[in-house]
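In the two assemblies presented below, chain A is common to both, partnered first by chain B and then by chain C.
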Partner chain A sequence: MNGQYIPAINTDNLDAFARGVRRFTTGIDEAGYQAALDWARAEVTARSVPLLRLNDLPRGSFCSLSIVGSAAALSELLPEGNEALRAIRTLERWVGTEFQGIVPLNCSGENPLISAAAAAASGKPLVDGDGCGRVLPLLEQTTFTLHGISVGPIAVATPMRDDLILDAPATRIEELIRPIVAAAGGWAIVACYPMSAEQLAMAGLPGTLSNALRSGHPDFGPDPLVSRTLCRGTISGIEYPIQSIAGQPRSSAAGTLPSAPVSILISESAEPRSHLRLEAHNEIFLALADGRVIASAPDQILILNPRTHEVINLENLTVGEPVHVAMVPAASPAWKTKQGRLLMQLSGHAVEGFYNLSEDTMNEGAP
Partner chain B sequence: MRERPSKDLTVSDLLRDVMGLGQAFGGDFTGAARSVQIVDSLDAISVAHPHTVLVLTESLASSGWRVEMALRSAWERAAACVVVPHSPVHEASVGALADRLGVPMFLSHENPFQVAVRVAAAIAQPEATRAALLARVAHELAALRDPMPRQIMAVLERALPQKNIYFTGPDDGVLLGHIVTDHRMESTQLLVTDEHRLTIGTLVVQTPPDSPDSTGKIEEVLELAAAAYSLWAARTRSHDERAGVRSSLLLEQLLSGDSEDYQLLSTALGWPAGGPFLMAALGLTSASQATVDPAMVFRSFWPRRPDFSPLMRYKDVWIGWYRLKGNAPIDDDLKAFSKIVGTVVNKAANTVPCSAGVSGCFSSMAGASQAILEATTAASVAVAVAGRVVLAGQMGPEQLLATLPRQAMTQPARMVLAGLLEADVDGTLLKTLACLLDVGLAPSLAAQQLGVHRNTITARLQKIKDLGYDPGDPRQRLALHLACTVLVPGI
Partner chain C sequence: MHLGIEVGSDAITMAALDSSGSLAGRATMTDTSITEGLNNGLARLTSAIIESVSCVVIAIHDQVQAGQLQPTAVLRLSGPAHPALRPLAAWPRELSARIGTCVETIRGGATLAGTSISDPDLRQVADLARRATDAGVPRIAVCGAGSPTRPDLEESCAEAITSVAPELSITLSHTLGGSGLRDRENAAVLNAALRPWAAAFSETLEETLKSHGIHAPVYVARTSGGAVVLEHFRQFPIVCIDGASGCLFAGAAHLANLSDAVVVDAGHDGIRSVILESGRLPTRPESSYDSAIRMSVAEVAYEQLAWKDLNLGPFPPHHLGPPARSEPRNRHLNLAAALMLGSFNSPMIVVGPRAMELAPELGPEYALFAAAVGAARSPVRAELERVIRVDETRTLAQALAQAQEDAVNLSVEAGADRVTIRIERLEHAPMSYLPPGFHRVAVGAAGEPKSARSA
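Here is the complex of A and B:
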């Protein structure tokens, strides 16, 4: 069943799909994830979602879809179920064209589930691909941007029934959207990156949704999610920078990431019993073993429960907890180019200077 | 020990000489420090030369991961050490990595640029740094004014970090510090002597393998400390000479079971260490009416030798002891010591009538209490005759009886022996009776002592019995013996 063509997301494979997309996350809010899955199940039960391969797209326009804000808020302020459809329709009206399909902004956690729900609700196919190959914190951090496709204009649909269009430079989008999300109750759905089929075929990362599906159940083919074990050990310490001590996260000032930086220290349980340091700010962006880089963003670094092999949320880590640290290579070589690293460059305190490291240093630990 | 070129300043030197290098990690401070580099980016370390002191700027050191990467690069570049601006957040974790990699790392509260300038100055002038070290040690010792051993040791430990230092007494027993039993350690030692060139002890510095510090430098520091130890011992003894009580107080402290600081202070006072010993007690005879201080007289004749303790007052006698040679029979030592003690009391007796007692052999000062009892008892027996020395091991009834107050007992004694004295015109019978009682009524021994035939003794004993005196009768024996001792002294 290797490379088996998967024509659609339907009730038969939705659960495997949901399990698979979960494996690509750095951490997940369980309640938000369940709310997104319930949403997808409701829509997919009514109508299955055809999957379009990137090299087989019909002519026409496409858009990307994403949830913005906190996934945890999704479980507190439940969706009406029309938010994604409203966002797509609003963007279609603004750009003056009907989209031929929807591509998830990323293939991790809640986003592909909500994209599947939106596709089912709108009767549009879902593109088997995404713009990240994983999840990244900012809207403009996509391979679409790397290929010159603008994130805007974007349509925002809130659970408060607000529909908005933001037509602004890409560098302003994040700054504008955060207060809107806060006013909307903590989350919203955005339709963005309006693009042609040719642009999507060139910029999208192919097959990531079917990969997730295979990753979620062996019936759909061998697990394509190849990870490299970095360490098995025990958490020996958790450090918070002075500017963001535990329990008092730094304010989300303009240009900063919407979370606090944290360092996780791990004692390897087997020889050579290395001293590991994982640096995280929204995601784990760096892994050091005895001061040597063994993995770094854009490769994805995950902390797993050694028993269940599920990702452990960073905020749930405790000192003394046994963990398994794994690395999933970046989905696209585009992320390792100079432009890819520049796009990754974040302005949070803890990561300041990280992307200024020489390429030699950063590639040292590459598999 | 290997001598290094003097131009090589070590990390250890920097730790000691460059103020502002705070808490240290990494363990190995023996590497040479030949240059300094201010590091404001991780890539800058990749061009650092070996043996470079890397001083991280505050911005670079603001995150633990950057410090850890800097430590790793420092390890790969064989840097001398890394100086990191202090951060309470990642102090423990980066310190653990420095320990693991063995990269010396210092947490500094000072401005990194100022630290770098001081390090550069120290590296540029290593000889001046070394001279500054000696000057600082000398200054610290001088500042002690009345140096005490532990204070001197503390100065040494500050001056010679990462080394093990201890001080032994003349018998090689450790008085301060402890010995590290690692055959790889190299030792530098210096004998500490007093003003008479008698050994006070030995200062020993144990240096880890491949230590960059030269023996010469260690010896220079030790010489300064040795002078301070000599001064301490001289002052202690001088004080004791003047006051004459320090040794007595220490002896009483020892006898009361309080041994704190005993080893150290006894060394300063010149007490012989180790053992075994013989104890002497010198006392004034009952007829003594000295007009000068007996202590001054005794001390002027008492030997000043490393194997003789100083003479010290204990109750109404003066105590001193001698450490046996250990390679001669104890009897020989006992004779030699008794002879010396005899010489002392004989010479002193011209000014202050005195006598002495000598104890049996005791193995250590833990047995001093019993030895003093023996010596003082023997001395109390000896008081009957000025210049006399009685050995505790050879005391018999005659020695004890000799201590009786003769004057008071003369009249009662004459009453006890009235019948015999009346018949004994030339005193022969009295002398024979006294001798028989002293030798346990053995006629042969009495004959031998008095130089007469055994039968003569037997005949005289019969005459004595005929007069009503039977020394074999338990009811009469003690009274007869006491009376004879009082009336026939010196037998």
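Here is the complex of A and C:
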């Protein structure tokens, strides 16, 4: 079964799919992930989910699906199971068309599992692709946006049974949606990026779900995920800015970002015994070794458990903990274009100077 | 003298450590019952040792079988959930059948930010308690959504239950801690269902020890390391169902006088291994019961691999050839291979029943007594996890100070001598996607067991 076409997500490959998508995360809440997996398992057992290739889409409209908020909140305020369907139906009613399929916003952690559950429950196929190639913190940080497709209108379905439509400029969406998520208990499902099959075929990143499947089990083909070790060491410090410690509102510079910035200091355990400094805000966007940049977004910087090689959630780091730091190349060249980097800056404002310094190395070609 | 006793399914081993930590006496028995094994083992220790025992620590493994789960009523306080996510839905049928059918979700609980989902109907709670009593189920587990932030919601349910059924034994999920409603609920249900076993086990222990003239305080090792006093174990048996693993690794380090080492437990069926750094055993925040039910009970984070999957050739290790090339994702095999080849910088200690085959130079105490030694050396430990909110009325420093004080008090309840308690671990992090000011806090506190003299 080396790298062959994978026609469906079903009970035979769901576990491999689940293992694969967790390898694309920047951190995982185990209880939230298991809840999403059990939800998906129940739905996929009842009905398998056809996978549509991006170059073979039927005519018609599609939408993207995503969880917004935290998986930790989902594991506490469990889904009733109809949230994704409600979001899809609400958006269908608003735009006046029935979607021919669902494309996950990203291919990481809970999101593709929930998309698979929604596809099974709705009887719609799932598109073998996504808009990130990994996971990014803001709804508009997608290759769909890079191709001029608007994130809105957005349908929001909360676990409190609220259904909302946000029909607003893309630049307002995050600011509007975060308070809604907080009021809804910390998570919600959104259906967004209503688009035509042609738009999706042009803007989506192809094959990312089947890649995840291959990453989850060698039976489905060679592992597509390559990484480079940046450091093996021990966490020597974790620093939060004073406003997040004091519980003050996040600075306006941070905009509506859903998490607090954090700096992680790591002492390398072997020669050259460098001191690493990782800067994170939702994701790790910069790695410095003794003051020298060794990796930065849009490449993905991950902190791994050295025993299990699982990604460690940034909220669960502890001083004295042994870790590996690895870098996974950006999922798509689109993220290394000027437009891609500018879009990435929305969640990494602190690295703006670095981006500017590096601009001469950018690929200027638009996607 | 501290007496450590490892209680396994096929053997009981004992190790007595003097005040310097030296092994003063040891015994191992392979009797069929715990009582018989304890009696015969204690009879083998000298009267001088017996008379000077000031503290006993029991380390359990392979004792908690499915048959020990007793029927338990289950109350979930939350909104409605997908059928696959309802109480006990992910349990194997034979285990959920043991818990019974007195299982109900009542609308209530809170979000992680503490906002109430709705006020629970306490009449419904009382009705469930009455039904449990009528059905002859004398225990109940209560798990509320958001209880790491709002433990008061579970406590109000407990009051409602006690008002109509004061005889019901109640486990509240927030007292066990952990994030994730289902994992915390599973831990609470299992805890409640194991209390009868814990009570019977405790009674056997106390009677047997007293019959040999040992009146010292008795502790039980926790699955995540450390120990709790027997009365605490009766209330929270779920945190002690595999205390022997942590004791084994800690005991090996003590016997070898090392605080940084790779410890390998060479068992009959396979190996388990752990990397000990600065004397600290790694832990993970969740574990599973019967390899089937996820629960928010921390355990020592060891790796394991069956011998049949190792493919490393015959013993002893210096005869091993290079391991079969493995897929990078096969972490178990990689780790095992790396351990067997000694490729870590740290020294390696081999313990367990097959230790003598792997490393005969280490001596038989490593093969048989490491867990009992580790038990005898166990501090008393308590863990606290909660979600706190920092605002204009309370600074983070104040909230953390309160959490540390609460952890110290928990340690005292767990049987620690207050003057010896230290904060071992204090972790906090702002929580994503919640309003500013919410932090996840975890505190670990440990102290010396109250000895017979100080108790």
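As a convention for this text, the second predicted complex is superposed on the first by the 331 of 367 C-alpha atoms of A that agree within 3 Å, B and C clash if a C-alpha of one lies under 4 Å from a C-alpha of the other, contacts with A are read in each partner's own complex, and residues count from 1 in each chain.
We take it that a residue touches a chain if its C-beta (ideal position, glycine included) is under 8 Å from a C-beta of that chain, and two chains touch if they have at least 3 such contacts.
A quick note: this is a predicted structure, and the numbers were derived from the prediction, not measured.
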item: Chain touching more of chain A, residue-wise (chain B, chain C); value: C
item: Chain B versus chain C as contact partner of A:Arg172, first or second or both or neither; value: neither
item: Contacts of A:Ala31 with chain B and chain C, given as first, second, both or neither; value: second
item: First (chain B), second (chain C), both or neither touched by A:Arg93; value: neither
item: Partner chain(s) touched by A:Tyr240 [first = chain B, second = chain C, both, neither]; value: both
item: Touching partner for A:Arg292 - first (chain B), second (chain C), both, neither; value: first
item: First, second, both or neither for A:Arg228, with chain B first and chain C second; value: neither
item: Shared chain A surface residues [contacts with chain B and with chain C]; value: 240
item: Touching residues (chain side chain B, partner chain A) in the complex; value: 41-43, 46, 60, 62-66, 68-73, 75, 87-90, 92-93, 96-97, 100-101
item: Footprint of chain C on chain A - complex, ascending; value: 29-32, 34-35, 38-39, 41-42, 69-70, 72-73, 75-81, 159-160, 178, 181-183, 185-187, 218, 223, 234, 238, 240, 243-250, 258-260, 262, 282, 307-309, 314-318, 320, 322
item: Contact set on chain A toward chain B in their complex; value: 237, 239-242, 263, 265, 275, 277, 279, 286, 288, 290-293, 349-350, 352-354, 356-358, 361
item: Complex contacts: residues of chain C adjacent to chain A; value: 78-85, 89-90, 111-113, 115, 117, 145-146, 148, 179-183, 275, 277-278, 280, 282, 285-286, 294, 296, 301, 303, 327-329, 331, 335, 389-391, 395-396, 425, 427, 429-437, 440
